[in-house]
């Protein structure tokens, strides 16, 4: 039931020769919002639960220009499966939807590097914050 | 009918705290392969024909470690529409498929910034090199 | 007489395999602070006055870890010459000096690409904000 | 007595809004050349000997444009001290010197994070390859 509104600052370095934020940098913005949303959920402990991005879909809706104001990346958990879960995001730039994305994450065991069931404690937090997509 | 085998060098800077190439950097590899495939097709003239990425889907299959050997990014044109076209890619790392991706590009007019039909000359090159996906 | 305290947000993507911000990313932080200081001085117009970095010296004092709090990059104009000027910076991370740097910028003519005298209007702003190093 | 000629591939992503390689990316090129030179010296084992960049000086001589040909980064060990050593580099782009740099590295103990003497085995390799600057 939780949508995180994560502020992500732009950098001049994000610009490409068209004077727009490079499409590849939008993926950095999504990562940053995801990491910060996890911090807000007290899920930062990378040592115990490993997660990797298994799939990512991004729609680029509008070019993003440089500016001092941060983007707002709306981020929510949209699905919780057995060993994977999905997060969805919208990148808002000065009141306009600039991009949206869906990211599938898979849990793995840090030692064996094998995929594993989402640990119970982690699953409880994910499910408590699950937000169906509109 | 053309699949480009584009060598893309890794950089140590591409690594994240897991000692893997960051998932966001895989998008840089895809961009690099696309740009280099376009050079091979003599389509580099950004001044006349603008194209932007409208959508990208990436499946991450295996972690990519650092090494001196370049990746091979297989890249092909998989669809040509009215104002958009699609490119597909496979990122091969030391003989293994590490990621695959589909990228939808849209042509736009550099002056007006509006989307436009793929120009005739450009379309001819795209269609001559179209390669249906397996 | 002006020292700008520019907040620069960290990104998880800035981390390297040592779990520290990569030394190369500190250069991004310096660039970001410089661009933002210029905006505060109403000097953002890249179309008229071109400047490039001619030299940069950076001392890395402490590793920078990831965190949600922004860095504070203190930035000031330390010297104004004929066609070049210098900016100095200190990167402060959670109350500690993490890096300091000196950057020499050269003005050039956007058309001819030749170096040129700092334009009068631009020079007045630089000199009005000149801050001798401690 | 060794100067390494390390090829470093450019990426389209390296470009900034001026259509030049961003000055910050030149630091990535230096890092890449350093890492690859170390591999050639069989010094890649990050687990045992930690080194960090303590200081870097870079002179930007010419803008670097995108192209398919790699840069050649000449890299050599120019000084070996007690706990630190220096490397110098020249970035050559299509036959022209585009940048040169000096990097001071400090050895540290991976456990205690304190600086330490350069280990004997490592020192022998550094000294055997020492190349005085011209």
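Each chain carries a letter (A, B, C and D) given by its place in the written order, and its residues are counted from 1.
Assume contacts are C-beta pairs under 8 Å (C-beta built on N, C-alpha and C of every residue); 3 or more make two chains touch, one makes a residue touch a chain.
On a predicted model such as this, the values are computed, not experimentally measured, just so you know.
Student: Which chain is most remote from chain D in terms of Cα centres?
Tutor: A
Student: Provide the C-alpha centroid distance between chain A and chain D, rounded to the nearest whole angstrom.
Tutor: 34
Student: Express in whole angstrom the distance between the two chain centres, defined as the mean CA positions of chain A and chain B.
Tutor: Centre-to-centre distance between chain A and chain B: 23 Å.
Student: Quick one: chain A and chain C, Cα centre-to-centre, how many Å?
Tutor: Here the centre of chain C sits 30 Å away from the centre of chain A.
Student: Which residue numbers or ranges of chain D touch two or more of the other chains?
Tutor: 13, 17-18, 22, 24, 28, 31
Student: Which word fits the touch map of the chains here: line, ring, star, complete or other?
Tutor: It is complete, because no pair of chains fails to touch.
Student: Looking at the complex, which residues from chain B come into contact with chain C?
Tutor: 13, 15-19, 22, 24
Student: In their shared complex, at which residues does chain B touch chain A?
Tutor: Where chain B meets chain A, its residues are 17-18, 22-24, 27-28, 31, 46, 50, 52-60, 63.
Student: Could you please specify the touching residues of chain B with respect to chain D in the complex?
Tutor: 8-9, 11-13, 28, 31-32, 35-36, 39, 68, 70
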